[in-house]
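So, here's a batch of structures to check.
Shared between the two complexes below is chain A, which pairs with chain B and chain C, respectively.
Right, the complex of A and B next:
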């Protein structure tokens, strides 16, 4: 109940900030020494929120479906892509973490590359994999792959720390029971890594959404909200509110994914203490 | 026991999500055409999403012109990071539509591609200014803020300014422009780059907040690089140079071009029908915008004195000259040396024209008259 209240308050604050800036901001923006420090507040750059909402209700094109239906369908499509990317990324991340925990030499050799992988800009990566679409896999799978590429990283790093988190005495106790590596992993390391895993999964969820949206934009994959953003932004000249409807959809998608990921942790974390973990 | 239930729940949730994605995929991939067993599958890479700029290819697919030639053509949409000539050079498509200067630059980088059909005989690039600014020619841009898209789209502008005696690096303020026209409407820039068939129409679909009506052509002036003498060749069909040694691919190229000619002639004679085909392909741009684009695209092709797709030596030379001599703001030219090898050939398009003529297609469109298209707000 209280959470809901906070969410509503947050929304009201965001609305107030947007409309407040529109009311007091300079329609031509504020320029200091030739550098724009504050954005323009005119209707072309920042349409009124009610204009955006009203645009959601009107048809996309004459005689077409209302924009909100188009946006919701696009978001569902992207949600599917994100989910596949998230699952692939999480599984790959988990496996990497387990292997790195098991073999110290692998951790030493692999971890730098895992980190390096995230410094490769998406714009460089996307054209390389874009061509796989339609040949060795369907076009949407390429986008999932890009999402997975971003999603595996927080899981791999977070999970590795989690697996290494049991105290030495815990590990020694397992050894005194003559428990092997597998048993130690299942009975001790996995349970104690959960508080590390879930924040990592949340990061992975967010990364997968970004990967899916950006991947759609860069490969032009039809059907998702990323493509919708780029299509609507071409009409920004004459219909600026339309762009924001698609962006609203993308933001909503991010929230939904974050919500779904935290649902995963509810049953597993019920009796556990939450710890703040910085994985990045 | 509880743990098992939880894992089942997670697994079910994932499966549901995956299934959701799977069904979405079904609607996205077109079903392969079942008729005609011996059709050769062909992939044509376009520069961008489906729009009337590619109307002729879309019509040739829809009206069965490619099928008549024994080809099953699949159109591949472009995207932000998809470079058609690279896709072609990598063998992921059989033909590609690309602008000549950009494709020549890729050739210089090693892409083995050849211009086999110069569908657009004219350039559609404008520099649009407010009428009350008094700017009429490239020379008037001196001291102004000039928007351009960069990424190789800017050379006609730079060549035009250079030709008018301006130093693009010093005499004007260059501004990187977004692919919409807001900067001009907000008067952040004095001159904005625009394609006649797209961005210029967007201006005319926007509402003037002062009058509450749409802007009209009277509000703007156009610097047209065709009349400034710095235009470059744009949309052309490119083929794989190496494969052109193969007689089978040669024949296939002629067939492909023959059907393509038919498609464009169809769009010339049936602009509205062609517009409907484009809209049916799921374009997000509205009907009036697409009809405008179809009409403007037709203007870039027709009338075609030498026949559609035939590469005009003078226009080619002008494109190559500008590509080699004009520097952009970073001092780069498109090409460092004249194109080597088989950069273009009229062999196949001439055969295709003969075939199309024999089939009763008007390949010159001498009597073509552009229509007057009324744009609606937002192009809807």
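Right, the complex of A and C next:
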């Protein structure tokens, strides 16, 4: 209940900031020494929020479906791509973390490349993936792959940290029970990595959304919200509120994904909710 | 048959490197069946190393370790001992009962049987009402009791304890000491107990083994025979005599030297 209240308060603050700046900001933006330090506040750059909301209700094109239906459909399409990319990325990240934890030498050899993988600009990579994968799989699968490429990273790094988190005495205890590598992994390392895994999964969820949206744009895949942003931004001069409807959709998509991921936590983190201490 | 036989064991860490250190040098130790032996000494004397060697958590550089007539490695595989550390080291995602069940689970014991056994162990340490709690809900002393129950769960003939009460307050510590003695008497378990508290060692042990550092070796072995091991025992003259004897041995002016 309180969480909901905070969320509403946060939303109100964001709205107030947007409309507040629009009210006081210079319509041409503030320029200092030839550099624009504050954005333009005119209706073209920052439409009123109610204009954006009202635009959602009007048809996309004259006589067409309302914009909100188009945006929701595009978001659902992208959600599907994101989900596939997220699952692939999470599985790959998990496997990499387990292998790196098991073999020190793999960690040393592989971890730098895992980090390096994220410094390659996605925009440069996406057309390459589309070029290679386009012949053997549908366009949406290519975009999923790009999403997975972004999503695996936080999982691999966070999970590795989590798998290495048990104390030396915990590991010694398992050794004293004559438990081998696999049983130590299942009984000790996996459970103790959960507090590291869930934040990593949330990051991966966000990364998968970004990957899907950017992937759609740079591979030119139709049907998703990424494509919609590009299409609507072409009309930005005549219909500035329209592109914001698509961006709103993308933001909501991110929230939905983050929410779905945190639902995973509930059944697995029960012990964290007991705080009262008994003394005897 | 002796519970533990350590013969001429030397342990050197980081062999061949610049930070090479000899933790133990030519150590001999025998723990009889049902005997309670404490290892005491300054930090760095290798008392924890000795315990870990008996537990086969590390391997000796030279010499042999025998537990219940078997090699230490074999004994570990058969779970011939239970172990407890200074930190209770309970798995926070498991309830108290499931923590105690863990070693039984790894042994492949059936669900109903291990639940019954774990409940029995919790009763032994006085925590039968807390099986459903999570470790974070318990005080430090209670967590340590759970750790002891877990160490006893497989009903091992040997109990290894590394400063198990080191992080507890004095009152809790004394109460747990008495409880531990009661449990050992009831189960007939042999015990090797690492501590840096002289009074704790004297109160608990049949024999206090005194060690010195650099390199770690055994300098004295003090046999303790208190009239009773309760509050009266803590006040008795032999208790204070033995404390003095151990203290002198620690300072390097031993009254008698064994091995």
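Following the convention adopted for this analysis, the second predicted complex is superposed on the first by the 269 of 280 C-alpha atoms of A that agree within 3 Å, B and C clash if a C-alpha of one lies under 4 Å from a C-alpha of the other, contacts with A are read in each partner's own complex, and residues count from 1 in each chain.
In the analysis below, a residue touches a chain if its C-beta (ideal position, glycine included) is under 8 Å from a C-beta of that chain, and two chains touch if they have at least 3 such contacts.
Fair warning: this is a prediction, and the values are worked out from it, not measured in the lab.
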Contacts of A:173 with chain B and chain C, given as first, second, both or neither: second
Greater residue coverage of chain A in the superposed arrangement, chain B or chain C: B
Partner chain in contact with A:188 - chain B first, chain C second, else both or neither: second
Chain B versus chain C as contact partner of A:79, first or second or both or neither: first
Touching partner for A:101 - first (chain B), second (chain C), both, neither: neither
A:223 touches, of chain B and chain C: first, second, both or neither? first
Those residues of chain A which chain B touches in one complex and chain C touches in the other: none
Chain C - residues contacting chain A, complex: 52, 55-57, 76-79, 81, 83, 85, 87, 89, 91-94, 102-103, 105-107, 126-127, 130, 133-134, 136-139, 141-142
Interface residues, chain A side, partner chain B - complex: 28, 40, 42-45, 59-62, 76-77, 79-81, 83-84, 87, 123, 126-127, 130-131, 134-135, 138-140, 144, 217-223, 228, 230-240, 242, 260, 264, 267-268
Chain C partner contacts - residues on chain A that touch it in the complex: 167, 169-170, 172-173, 175-179, 183, 187-188, 191-192, 194, 271, 274-280
Chain A-facing residues of chain B, complex: 2, 6, 9-10, 13-14, 17-18, 20-22, 24-25, 27-29, 48-49, 76-83, 86-87, 90, 92, 178-182, 185-186, 198-199, 202-203, 205-207, 209, 282, 284-287, 376-380
